[in-house]
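Both complexes shown next keep chain A, but they swap its partner, so chain B is in the first and chain C is in the second.
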Partner chain A sequence: MKNPFARYLLQKLVWYILAFFVAVSLNFILPRLIPGNPVAVIVNQMATGGVQSDTLERLYSTYMKEFGLDKPLYVQYFNYLRNILHLNLGTSFMLYPGKVKDLIGRALPWTIGLQVPAILSGWILGNLLGAFSAYKGGKFDSVAFTLSLVFSNIPYYCLAIVFLYLLAVRFGIFPVGGGYSFGTVPTLSWRFITDAIHHYILPYLSMVLVAIGGQAIGMREMSIYELTSDYVNYAKNLGIRDERIIRYVFKNAMLPQITGLAISFGTMMGGALVTESVFSYPGVGSLLFTAIRQSDYPLIQGCTLIITVAVLTANFLVEIAYGFIDPRIRAVQLGER
Partner chain B sequence: MKDIIILLFRSKRFIVGFVLFLGVLSFALIGPVVNPKNPFQMVGGLFSPPSDKFILGTDNLGRDVFTQLMYGTRTSLLIGCTAGVIATSIGVTIGSIAGYKGGIVEEILMGITNVFITIPSIVILILLSIAIKTRSAIVMGLVIGITAWPWTARAVRAQTSSLKTREHIDIARITGFSSLEMIIWEILPYMFSYIFMAFILQFSGGILNEATLSMLGLGPFQTVSLGVMLHWALLWEAVRTGAWWAFIPPVICLSMTTFSLMSMNSGMDEVFNPRLRRS
Partner chain C sequence: MSKVKKFIVSLISLLLVTILVGSVSFAQAPLQLPRKETLYIAGMQWGPPTSFNPMAPAPAWPTNRGQHYLIYETLFVYNLLTGKLDPLIGESFNWSVYTLTVKLRKGAKWQDGTPLTAKDVVYTLELGKKYSLYFSSFWNFITDVKAKDDLTVVMTLNKDNPNKKRVEVFLGQIFIVPQHIWSKIDTSQKALLEYTNTEPVGSGPYKLLAYSPEQIVLQRDDNYWGIPYYGKPAPKYVVHPIFKSNDAGNLAFERGEVDFSQQFCPEIWKMWEVKKLPVGTWYKKEPYHIPASIPSLYINIHKKPLNNPLVRRALAYAINYPKIAETAMSRYSPAAKSSLIIPVGVPEKKYFSQEDVDKYGWKYDPQKAIEILEKQLKAKKGPDGIYVLPDGTRLGPFTAECPYGWTDWMTSLEVVAESARAVGIDIRTQYPDAPVWTDHRNTGNFDLLMNTPAGGYTPAHPWLRFFEVMEIKGVPPIGQVAYWNFNRYSNKKASSLLAGAAKITDEKKLYAIYRELDRIFMKDIPIIPLEYRPWHFYEYNETYWTGFPNEDNPLASPLHTAQGIKIFYIIKPKE
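Now for the complex of A and B:
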């Protein structure tokens, strides 16, 4: 291929598509390892709940058709793939006949709105803090480092529970959960937006503090490595001003941190999902929480699928950005090396 | 070996972590022996606050929180340790073989590793936990371990690749060691400290993953763990009813355990990577 950047992109894309297929296959195969016929199990559960028998029959036939459990496994697999490509994620058990696609579609904007700003701002602030404390050293460094170590090791949901209890339940400064007040309808009115922000602060805060801590530790370490390297000594001996050297150091230490951003999208996911359910925030995490409690397999599968897609997409975007930023990759593209 | 231990105990972070961890460990191991009660037994009223009889009160079903906390910490440590052992073993095996062999073997092994690094591990954890209906604590540790190895594999491969170019490796190779012997006798002993640090990281990650899964409702069966306690607190609205004794103790135990492990890890980093040790 002529354009080297396109080649870099294509290479990355192939990896991501491969990862996506592995994830989708796991998503297909693992719930099918549950002993027994899940459709029969769920219909039996409903039968004890006193649902009429003709409704049960209709339920049974819907799910048998959807899962295609009467067909051989490979046919089921291709059906599954085709359904995913058509964004057909099946029908929820607990909210029958609600479509999984619609349920997730309603929850997803909340999750993205909470997590993307929290991860990005935590990343930026954490890097600034880490670089600054590596440069400063002394008291500031040891205090900042210890605080970062403490915060980055408190799981998100633990901080979330403590915040919820102290700031919402005990002192009543913030609402006790949800994405907006009970009884209001999501509109673009000023009242709704301030209300939503009021509900947003605690979940955001509990995620961002942990993210800042984790990033600051990594950035501090990278910056210390850079600060003791030869080019810094050389620049110092040349009499170049400190601010200038800091800029060089920051740029170099920053590169691995960009990969760190990609990682945080994947590793923060689990904790972020639980944080949502702590605050009953109307996102994918809370949806997953109820789906697991109700053994709603189609909905669980839909959630895991959408989480995979979201994380892979975020990682891919970061990789593209990395390709633009890293001078070594750029150099390879331009044929300098 | 003796020198290393002396050096380790010069690091303040290591000492703090070590002492904290010993505290948590003895609470979890000695507690249930001294005070053998059934954590599932209902002994008091619903959500009764701490008193002389129940140091940390009771939960939504009138069960003693302090007893739960001892057994829960023990289960969480067991799961974390199992996960740590499994993840570190798989990671070290794959990483050292890939790094030492190189070529096509490395390409394939690292390809698999990269695919599993890209897929968010929480997704595989959720799916595996759903597929396994009866999860004991050990099974849960296994499940967490087999999803957590890729990072260790990647790091160990990098270390092995750089160790491979040292002279003692060439000398050993001339004496006719097989690849396996080379890895076991000439590579792994030189990264013992590194592997131990990886284990500590995986241990702490395993405890956190247990808590995440349990809080989502996929915890171990008929066992209490720190995550299970938090799940109950969420499910029965302990937070919103203000029953702080039902969730603050497990939060503290969880944070203290992971903090102690990370502090030990960071102290070891200081000792083994002298560049980080600034005067």
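Now for the complex of A and C:
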């Protein structure tokens, strides 16, 4: 291959396909390592519904067969791989005959709707705050820096629980959970939108504050490093206005932050798990959590597959994008030392 | 140039708004239900609804077993107050020696207008013979079902296994489905299980109006065939919001947003005694609900030293039953007695003998437990406060387990462990996830394990409970999967008494047999009853709907299934 960039791309692609294969295999194996049999649980639930015990035995073997769990593990594995290649995520055990595709499809908009604004606004505000406090220094910096340090080091689920307790349970300003009130039906009415926003604020805040803190610290350090560099001193001596200097600094300090952004998008689904559980938010995280508790293999696999694909794609895009953003890296990629 | 820029910006924002609108309005058309005509129910549905197929393993409310018979109906409905089966699609049933004749109601029809006949009944029952379905064991007891005419079904009892009680369970449990619709679906087991049936056609008084992961909405069918017999149910709409947690549902119930709930709601009496809310349960005083099942401690009777009935007896005396009723069951249970018969509330209480319990049974008495340990077993207390048998076997540590998150059971086991340790028996609690607990239970791989024998309530109780605790026939050995008698208790006398009782309808003879079975149970102690639990929690908030039945107004069973559907006809909107 003549084009060095195409060769680089191909090389990376092969690596990512390998990584995907390993991850997909883990997605198959790990749920099956959870002790206990999902079919036994389903049959047991039917017993609580009053189904007589002598029927249960028959139902057990029937469901084992229908779910394909009576086959040896390697056969199940190849069936699983074949289904993935056909983009078939299978049928949930617990919500049988619900399709995994539909269940995830319904949950995904909630997760994306919760995470994307939180990640984006956290990233933008955090970077602005970081750059500004690095430039400004003094009291503003020490207050902003301390606060950022505090928020970025609180695990986001702790913050979520504290918010939930104080603002929802104790003072009742916000609802305790859910995506919207149960009496309403999702429609494009003013009432529904305000209701959904009301439910949105707490989960959003619990994530965005942590994100702002983390981004601000990173950006502040990068900016301080840039601020002491020669080109800034030179620009200052030339008498260039502050805003313009900040813009230069911002642009240069931005590079590592872009990686951070891409990775946060990639890990979005997995990161949502605890926040969604705390606020009973109807997203992929809640779905995955219940699926794990009930050993619902197809549903676990479906959720983890989405996470895998998201993380790998985000990483891949970052590697490609880097080449375009930073000429130094492009040089390495193309083998020009 | 700036105009072009503005145009592009507005174009992009328009695009974004369209995407947003598209993703929000994915569910349904606007739906505003008048509160005064809508009954809100909680506690029967937790996950998102994926099917309304009564043949599927876990269909959504109200098409699952043991839920309100609002879309699909059964032949008869079990009345918890009288212990009898009341008419629904069926008008009456009659036993001769080996045949059962069921007469259907005249004029019964499906929601699409097609008449419901004996052929639909025969078709439905035979589905259970053709495939493995929730009622397939019906065919263990019945050999043949025939439609004599449009309104008469004749069933022939299996002469090798004559068990009228268990057949009667099925009369109140099998949802009859329309042959003209299901015969198109019934091509294979898989096709039948995978059918989502999102537009169910039943014979009941309600039709499915809408559903989403957040709620299920039913609308009254004003052409319901049963109106001449049963009248018209009061609510025009019935909604089951799907809560993410018990707390969310209980909060909505307390606020009057939910009218009728089946959720476990701790200390509910405070809602009317302290908060003065229009909330009620069946009884105004303890135990508030009608006890109908016995969550118990299963003991591994094959493992040393628990294989010694005296050790089990000492443990039975050690457990603080009043404390379990008070803390774990939130006073919704009287203190458990040493009997497999429930002594209060349900029709089976007539078989309970306090005399036998006093003579052969046990109660919370730690002194007596110590006496058994020291005098009868000659055990000596070790330096750690735990007894050791003369052969050197220490009484513990035994593991007591129940699923994680079943908080009432977890509290019960904590009381068991605490009171056993106070006497000198070492018990430690363990709370695995439900799949692990199920596995341990079914394979008999446990020391002590909490479980309810024959949960729910049927016309075959208390026979079924004795059967599930004491019958070894059909139970595979330890290590294989069993579905009842998890600790593999075996007693020939008990087996023959059970077989005898299955054939008898004479009350006096039954009483004698149950007493004898109960005495064997109290002697051998395969399980220890810990508490009582209602079949359903029956809780109503009369902010919008009044006239719910209760102890003073016993017009219908306090159930969210079976004869409890009569509640829908009795309640009235509040003026």
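Definition applied: the second predicted complex is superposed on the first by the 225 of 337 C-alpha atoms of A that agree within 3 Å, B and C clash if a C-alpha of one lies under 4 Å from a C-alpha of the other, contacts with A are read in each partner's own complex, and residues count from 1 in each chain.
The working rule: a residue touches a chain if its C-beta (ideal position, glycine included) is under 8 Å from a C-beta of that chain, and two chains touch if they have at least 3 such contacts.
All values reported here derive from a predicted model rather than from experimental measurement.
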Applying the document's definition of touch, where does A:R293 land relative to chain B and chain C: first, second, both, or neither? both
Please indicate which partner A:I34 is in contact with in the superposed arrangement: first for chain B, second for chain C, both, or neither. both
Return first, second, both or neither, reflecting whether A:Y80 touches chain B, chain C, both chains, or no partner chain. neither
Taking the superposition as given, does A:W123 touch the first partner, chain B, the second, chain C, both, or neither? neither
Identify the partner contact of A:L273: answer first if only chain B is touched, second if only chain C is, both if each is, neither if none is. first
Could you tell me if A:V176 is touching chain B, chain C, both of them or neither one (first, second, both, neither)? both
For A:Y8, using the defined touch cut-off, is the partner it touches chain B, chain C, both, or neither? Pick first, second, both or neither. neither
Contacts for A:Y135 in the overlay, against chain B (first) and chain C (second): which applies, first, second, both or neither? neither
Overlap of chain B and chain C contacts on chain A, residues 34-35, 176-177, 293
Name, in rising order, each residue of chain A that touches chain C in their complex. 34-38, 40-63, 66, 91-92, 94-98, 102-103, 106, 109, 113, 176-180, 182-183, 185-189, 192-193, 280, 282, 286, 290, 293-295
Which bits of chain B are touching chain A when the two form their complex? 114-128, 130-133, 204, 208-209, 211-212, 215-218, 230, 233-235, 239-240, 242, 244, 247-248, 251, 254-255, 258-259, 262-263, 266, 275-276, 278
Residues of chain A defined as touching chain B within the complex: 15-16, 18-19, 22-23, 26-27, 30-31, 33-35, 137, 149-150, 152-155, 157-158, 161-162, 164-165, 169-170, 176-177, 221, 224-225, 228, 266-267, 269-271, 273-274, 277-278, 288-289, 292-293, 297, 300, 304, 307-308, 311-312, 315
Residues of chain C defined as touching chain A within the complex: 21, 23-31, 47-48, 50-51, 53, 56-58, 64-67, 131-137, 140, 166, 169, 173, 189-190, 193-196, 210, 212-215, 241-245, 247-248, 251-252, 257, 432-439, 442, 454-456, 458, 464, 468, 474, 481, 483-484
